[in-house]
Structure formats: C-alpha cells, structure tokens
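When the chains are written out, they are named A, B, C and D in that same order, and each has its own residue count from 1.
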Amino acid sequence: MAVNESLRVLRTTHYDEQHYSLFLSAGSIGPATRPGHFAMIQAGEGLRPYLRRAFSIADVTTVAGVPALEFVVKVVGVGTAALARFAEGTPLPVLGPLGVPFPIDDLVPTDRVALVAGGIGLAPLVILARTLAARGIAADLFYGGRNENDILKRPEFERFLGSHRCRYATDDGSLGRRGLVTDLFTHALAGGARYRRAYACGPLPMFRALARLLADAELEGSFAMESEMACGFGVCLGCVVPMADGRFATICKEGPCVAPSRVDWTRL
Amino acid sequence: MAVNESLRVLRTTHYDEQHYSLFLSAGSIGPATRPGHFAMIQAGEGLRPYLRRAFSIADVTTVAGVPALEFVVKVVGVGTAALARFAEGTPLPVLGPLGVPFPIDDLVPTDRVALVAGGIGLAPLVILARTLAARGIAADLFYGGRNENDILKRPEFERFLGSHRCRYATDDGSLGRRGLVTDLFTHALAGGARYRRAYACGPLPMFRALARLLADAELEGSFAMESEMACGFGVCLGCVVPMADGRFATICKEGPCVAPSRVDWTRL
Amino acid sequence: MKVDLSTPFGRLRLKNPIGTASGTFGYGLEFAEYLDLAALGAISVKGLSRRPCHGNPPPRICETDAGMLNAIGLQNVGVDAFLADKLPELARLGTTVIANVWGDTEEDYVAVVERIGADRRVAAIEMNVSCPNVVKGGMIFGNNPDALAGLVKRVRAATAHPLIVKLSPNVTDIVASARAAVDSGADALSLINTLVGLAIDLETRTPKIGFTTGGLSGPAIRPVALRMVWEVRKALPKIPLFGMGGIETVEHVVEFLIAGANAVQIGTANFRDPSLAGRLVKELSVWCADHGVARVSDLVGTLKTRPRPDHFFS
Amino acid sequence: MKVDLSTPFGRLRLKNPIGTASGTFGYGLEFAEYLDLAALGAISVKGLSRRPCHGNPPPRICETDAGMLNAIGLQNVGVDAFLADKLPELARLGTTVIANVWGDTEEDYVAVVERIGADRRVAAIEMNVSCPNVVKGGMIFGNNPDALAGLVKRVRAATAHPLIVKLSPNVTDIVASARAAVDSGADALSLINTLVGLAIDLETRTPKIGFTTGGLSGPAIRPVALRMVWEVRKALPKIPLFGMGGIETVEHVVEFLIAGANAVQIGTANFRDPSLAGRLVKELSVWCADHGVARVSDLVGTLKTRPRPDHFFS
C-alpha cells in the first residue's frame, strides 16, 4: 500500500561532487518501509526533469529528532543533479514505499547472509544491514567501487555488521582490495564461506557475474534491480526486464528485488 | 550596443506577495544604461519559463557598494514568479541594455515634464526621475494603481522630485485620489499645468486614454510600451505594434519608448 | 454556485469530462489507492488484444524535453483476462470503463470486440488505430483514411457498443481521418495519440528506445493536440470528442473544452502524479464556479477566432 | 587532437555543420555583436518575398511548454532591400548566406530567385514551402507532394544556385515530400519547419496567436524532427540534409548528425541565447576530440538500429 504525499527536505549531506544523502520527512511512508523498497520522487515542479525518479529508501532514520527517509544519491543527470539543490523545507512529491522488498522474514538468527554492493548499489543495503543486525542475523558485506570515493556509509555498515565482516574492493586499489567486488565474493566462497542468501544491488555487469557465481555455487540470491521508470507502480510497463519464463516483468512491481534465477540474463 | 552576459543576484526585496525588486550585478550593462532601456533576463536553465523575459531597468544603483541593476517586478506568471526565488549569488543570463530609451537629451533646465505611471509601469520612471533630478529638470509624477500596494518606490520618487510634485491615484482611494491616474493628469492640465513632454509607462488602457489627452492638449509624449517578446533585439518580429504609417514596428527595437502619435491605437 | 459537470457524450452521459488515457492508467485498479475511480468521468484501459501480448524488448521509454517517448509494444493481459480478472472489480467500484482495443489485422480487432460482446460493464469501445496493419505491409491503419474506413466498418458491424475511434496525429489532414472514421460508423473520436519521435544515446549511437522510434507524449505535444481538436470540431460540429495530449492542469482541461473537446483524457501526467485525475474533477468545478460557468458543457467549442488576414505587401 | 569540422554539403563545403535557421536569426547582422558570423557554417536569413511584407497583426508569439508558437506572417524587407542593404555587409563579414525564400504563388517564388539571379554572395537558396498556395485555395505547398513537385520544378528552372527545399513536418509521409522535392531538382533538404499548434487564452477564450494557429518550435519538437531526419536519411542516403528542431546543446547537434543530418540549423534557441550558435561551433570540436572523432562528417548517419520485433503473443 503505497502513499502519494508531499515530504519536506530536512537535510542534504554531500559526500563529494557526485554523491549525497537526501533526507526527507518520513511522512507515512517511513513506517511502511521495508528493506528493498523504493520511492518515486518528483524533483520540483519544472519540466526538466519531467518524470519522477526512482530511489531506494536507504534508511528510515531521524534528523534532529524528526523522523526521516534517507536516500543516497549519485549524480548522473538532470534529476539527480536537481535533487541535490533543494533548500531545507522544500516540499517534494514522493510516492512510496514501492515494489517488492528483500525477502528476509524467512531468515533465522543462525543464518548467515551476504550483502553485495556495487557503486551506488549500496543504498538499499544500508537499511537491510541495520535490520538484519537488529534481528541478530550475521551478514558479510562485499562492497566495490571505482575508487575510495565510491565507498559510502562505511561507518554505518561497520557499526551494524562489525568491521571484520565488511570487505571492500576498488578498481584503483585506493580502498580495500584492487579489483571487482565479485572477486571478493568468489574469494570468500573459495575460502569456504557459505550463505543462506546473497542480497545484491549494483550495475548490470556486476549482476550478470554474480548471477553466474550464485548459480554455480547453488546459492540463493535477491537482486535489487534498476531500469528506467516512468510511473513506479506497474502501469506504464516501461521498466520491464526479460524473465526466464519468457515474459517481460516490471521491475517496479514484480521487483525491484528479484531472484536472479528468474531473470533471463541472456536477453537483458 | 547591447551585451549578453551573466549577472549575479545580489538581493531580492519583496514589497508584498506580488511585487519585488531584483538587484543584479551591473556588469557592463550598468554603465551603458539610459532611462527607458530594458533587459531580457533568463529565469534559470529550466524549460519553464522557456524564453527570456523583458524588464525595464528601473535603476542603476549599488547594493552594499557593489554596482547593481535594479528591476521592479510584478508577479503575473511563471517567469516573474521564478525570478523572485533565486538565491543570492545565482548567475542569470541577461541581455541589455536594449531598445530606444526615453528622449531626454533635448531637455533644458527650464523645461518641466510629466511622468505618468500606471501600476508596474513605475519601473522605467524611477531611473528617469533620478536622471532628470540630477540634470535639474522639474518633473511632476502622476502615479496610479489599484490600491496602495501598487504604489511602489514612493520614497525614491519623492526624494528625487520633491514630494509636492508627486501625485497618486488609486481605484479604491487607499492612497491619493480615488480614480484613474489619467484623471490626475487631466486635472493638472485643467489647472493650467504645461509640460514640454509626458513620459509614461503603464497598461494599454492607460496608454490609450493618455494618448488621446496628449493629442487634444497638443503635448509631446514618450511611452515605454510592452508586448510579448521572444528575442528582445529585433529578430523574431514577435513584439510588433501597428503604427500610424501602416507598418508593424518592433517594440524591442523601434521602442520600447515611442511617441504615442506614431502608434495606430485603433488597430492595437 | 452549483456547477453541473455532467457531460453528454453521444449515447453516454459521463459524470464529468475528466477521463484517463489508455496505457497511462493500467487497468484502473492500480490507481484505486490514489484516487476514487468512481469519481472520474471515464477510464480508458490499456490497449486490449485478442490474446495476451508480451510487448517490446526494453528499453521501452525515455524522457524527452517536456515529455517522453514510449514503445511498450502494447503489452497487455489480453481481453479474456481483462474481462475475467479486472472488469468485475472495476464495475463493483462504479467505474465508467472504456475498453481500448487494437490488433494487427481487421480480424484481430473484430475478435476483441466480439469477446466483449454486449457486456454492459464496458461503457464504450475505443479503437487504437495507430497500429501497423501486418497484412498491408505494416502501414499504420490510422494514417490512411481508406484503411481506416475499412477497419472501422468491420468493427462497427461487430459491436453495438458506443464506438470511439482514437486518431493518429501523424497525418497531413486530421479532418480527413475524422471524416473517414465518422462516415464509417464511429460514434465518437479520441484525439490525439502520440507523435512518432526519436531520441539517441550518443555514447552507443543507438536509439534510446529499443524499437528505434517511440510515441511522444506529454506537455510537448499539447499545442498540436489542441489544434487538431479545434480543426476536427470545426469540421464536425456534432461529433463527441475526447481531447488529450499533455494535459496537466485544470487550465489545460478548460483549454481543450474551449477548443471543442466534450471531455478530456489525462495521460502521461498520471505517471507524474497518480492522484491528479481525481483532483482535476474538483478543480474543474471550482474553476467553473469562479468563472460563472453553470454547466461545464457550456464551455465546449466556445473558442472565438479572428478572421485570418492575407499576406499584406507594400 | 585536431578535429576537421568542414562539412561537404552537395556543391557547397561549409566551414562547419552549425548553421542558423530562417526567421530566428534576422538578417544575420543583428547577431554580429553576439557572435562571429564568419565562424558559422551558414546562416539562413528571414524568409524573403518579392515585395516587402508587413506580416500578421499581433499577437504573433506565445510561449508553450518547452517551446513557442509563432505566426509572424513572414514579415520581411523584401528581396530587393535584402540584396541592397543587408547582403553587402554580410559578404564583407565573410558570412555563408542562405537566402530563405517564399511566396503565395509559384510565380512569387520564381520572382524572388530571379532577383537573386547569379549573385555569388548568396551561397544557396532555401525554399520555405510551408506557405498557403493562394491560387490553389490556400493548400500548403509543402503538404501536398504534387504541388510541391510542381513548385520545385519551376524554381529549379529559374536558378542555378544550390537549391534547398525546407520540408513541412505536418505530413503523413515525410519521405514522400522528400522524394518529391529531390525528384523535382532539389539539391538538398532542410527539415523540419514548425508543427502547427494552438494555444488559448482562457479569460478571453481567444487564441493566444492572432492568426489562431501558430508554428510550434523549440525543444518540444526535437524528437519529431530527429525522427524525420532519420527517415529521410534512410530513404535518400546521399541527399545533403540540414537538420533542425529544438537544438540547444552540442549533444543535440551530435544527435542530429548521427540521425543523418550533414549539418544543423539553430532556431528558437537563438532567442534564448544569441551567442549560442558561435559557442556550439567550439563545443562541437571539443566533443569530437573527446570522442576520438577526427572528422565531424564521420558522424553523419551512424545511428545503429536494432531489428524491429513483431507483436509477440502467448
């Protein structure tokens, strides 16, 4: 049950020129949010951007005591640039929480899971990490980026999961191991790590590689996927991906969190 | 010789919900500005508003010692609303000074002139009043509006011209005489006032009435006229008004300041 | 002032002139949490085909200035699933349902309307004729008055429902299309469908839409839509018209009514704000009250135009 | 990296592919204070008629979402005044001048090009065929391939200049217009002219444009323009094309080149920023350098399209 409401900008925290956290008043979306949910945000009344933009709800938290939704955003174009510039107090139309969240209710405290993040894909894993920690479920983080600046929210992850459970990889080796996040994960599996499920969010190449790894290791996965979206709630049919059963499935409604085994990676 | 440059917002002073003064850094437009000149301002990079908007340069002044252009703006739509909201320091593309200014170089200190303003039409008369005062030319102000909120810059006018030379009219009588500014002017003429020239800016009905009054009294006039403008420098041919000689003349290039006798008021 | 929003529309009488456009409103039910479906004048559901259709491979949409391109490929659950799984609930909610239909051949269209048959839960049938006629080598039905006439005649013969033909704007003469449809038995017209457009990804030098071209919708096309509504209204003073194309505000709604639309359909704007259509119903009666309009239908086709001058030389 | 911006365009070789569009660039000289006219690939001047034309009564323009409507009515100083008062200075500045011409009859067009004669200071003639044929009851020349062919043949016979025909986009089949023009002797094509649109003032219930309808230009029409350039390029692989319609950035320029335009014309954007066209020339060579494009002409028509799927049913 999603809500279409107007939420105020509470704070914008910039990490570097390309990354920031946007905090909006939680409204009635906050209490309804589960890890993996996303929201559609209208970046102002103008015509550019025209459509709302989709963002994972990175966390439900507070700003100076006020209940807040946190979004972690990477600037890639007009909408993500516009969202970075709103003054505190500006009301923004927000639709959420949307989509199918990560499956976590079937986990038990003895379970151990993996969180795999690539670049801005960290966003939905923040609230997931906090929720799992609260439920006493052990989780290993594998987090990769082009360089150090791509690695965001490190303190939070290490607080939630324990720093010994957080491993990083960067293309240039500026933080953690030089290479891809999937190398980290392969290495862990080779080292005998076993997981009840792997939760992942990142760019398509990461998803492809990870989907193969999980299939080979016969591990379950849940990927928070992306696609261009016009509506966010299943009516424009614009956000589809090809599924193994031959259908096109809407990422906004049947996803964003889907089992990689259901996706037809060859046609994507 | 107009300039196309980027000027920073120095300050925005709001008179009421509908009226404000916008101060921009003077750039190289300031020194070139004469009373009656206007500028085309782009209200941000967005698509709404799409075209630049035309505004009289109400004065060339300073803000905290920084040379500034002052624009007095009435909110009537998307562009004038957008211009009111820019943060200090925001750079705005400005083209100016544009158009034919008020003819004043032929005036001599013994001359007496009339300034007739209707509503937001006060704007170009501010810099005109200051300039005339500096040249020791006596000017009577006739200024009308719907109500007292429409009467702006009163202190400036009274400082430049002397309060005894400033007369006001409002539809509701909330300030000055109840009625139209043209009634004020008629009354003055009836009282024997004679003027070398009447400088006016206001809505079309005021222009029509005043044009008739001036023709009857055989007085010279110079009207700062308005029209929707796309370019502001004579190339789109969108801003024309019908002239007595049968042509359509561009207000942006042959105007905005034109002698009412040259305009074909019957076809306008 | 009490405002009468009821809208005579041929054999139908709509609660008000605010409808929603096919393909932008799903099957209606998806919007139940954002507005009161029964409060809308009508909803046109996603284009239905005789069999379920998978649609085009992604990417299917991209944003453009003041609009978007789409090439969904008419993905839909098929007419049978619609009648079985969606229509009952829509009827229960008191929704005025317009079944938007399409096909690759005349037979496909006929098959869909025959499945709907005399079902009274469907208020009207709206034909999307912006589809390639696979038999006639992919020529768009709606872009050729003869093909359009032939198609409409076949469908007209197959249904007793009010028949609305939704015109393609990608034509030289929208009035010719309108006449062809009306002369072939259409009870009403919807205009406009999307304009064919293209957008390119510079890095890959490929179209941003997998299908290459897509349908342009949104505020960008409003002036074209409004012009076509006015042209058709001038030529066909009595035909019921749905106007659509970039409508986002109550002012836009009134603009279309004045141009000659009896009612409007909100399209792409439903994506920006799923509650919009419901709000526009309320805003429309406020607008009418503020402007002393007692019956919204009094606005229809009241545009005052000036005589057009010839070129005047000196 | 040194980038070659020179642009072969039929018999012409333009300095670069950045031109400016007729009616949005005056007679060029008005822009001399904002950019270097000689640095542009070409400028197309305001449409010239055999006699000076007064144009339409105001209001002539209004803003729309991401664009504007205009019905200037082709006001211009006339071909004689242009040749006498504007062309000498344009030539002195080293401007590549395209004379945009129009008329109410075929004879009018012929008269204008005959006045230009063999004047070498005019690089090419661009025919605006979006004008009503007053003899044929106001039917738009450019909206009827036969009328277009007849007109182009007459003008072709009357001039030895490179002849560019500027197509109207208000047609069902832009390729048919293109073929008609080329088969009748056009050396090159410009596309697109404006889309016909309407906007209404609600308070007065009158059109915002005195002429009722106006031509829609600006970013709103870019996807339609780009699609038409691509369609014509596919059908006529060799014909020189000017692409235009809502171009505002260097990315837009490259989009048109990839779609198949050999060069572009900047239109409405000149109003937003009179220095834009000059800046785009510089930005284009930077873009090419950044993308390893040595000759800008290597970009032309390089769009990679995917095969179009049929509708796939289950």
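Keep this in mind: a contact is a pair of C-beta atoms (placed from the backbone, for glycine too) under 8 Å apart; a residue touches a chain by one contact, two chains touch by 3 or more.
Nothing here was measured: the structure is a model prediction, and the numbers come from that model.
Visitor: Relative to subunit B, which chain has the most distant C-alpha mean position?
Guide: A
Visitor: For subunit A and subunit C, let me know how many angstrom lie between their CA-based centres, rounded off.
Guide: The computed centroid separation for subunit A versus subunit C comes out at 37 Å.
Visitor: Taking each chain's centre as the mean of its CA atoms, how far is subunit A from subunit D in angstrom?
Guide: So the centre of subunit A lies 47 Å away from the centre of subunit D.
Visitor: Per the centroid of Cα atoms for each chain, what is the distance between subunit C and subunit D, given in Å?
Guide: 32
Visitor: Can you pull out the residues of subunit B that are in contact with at least two other chains?
Guide: 47-48, 246-247
Visitor: Which subunit D residues touch at least two other chains?
Guide: Those would be 54-55, 57, 64-67, 219, 314.
Visitor: Chain contact graph: line, ring, star, complete or other?
Guide: Contact pattern: complete, every chain touching every other.
Visitor: Would you mind writing out the residues of subunit C in touch with subunit A in their complex?
Guide: Where subunit C meets subunit A, its residues are 23-26, 30-31, 33-34, 46, 54-55, 57-68, 70, 72, 75, 218-219, 268, 270-275.
Visitor: Could you list, by residue number, the parts of subunit A that touch subunit B in their complex?
Guide: 46-48, 87
Visitor: Residue numbers of subunit A touching subunit C in their complex, please.
Guide: Where subunit A meets subunit C, its residues are 1-2, 4, 42, 47-52, 93, 95, 227-228, 230-231, 233-242, 246-248, 267.
Visitor: Touching residues of subunit D toward subunit C in the complex: what are they?
Guide: 49, 51-57, 64-67, 69, 73-74, 104, 134, 143-144, 170-173, 195-200, 202, 204-207, 210-214, 216, 219-224, 226-227, 230, 246, 251, 254-255, 258-259, 302-306, 308-314
Visitor: For subunit C, which residues count as touching subunit B in their complex?
Guide: 65-66, 314
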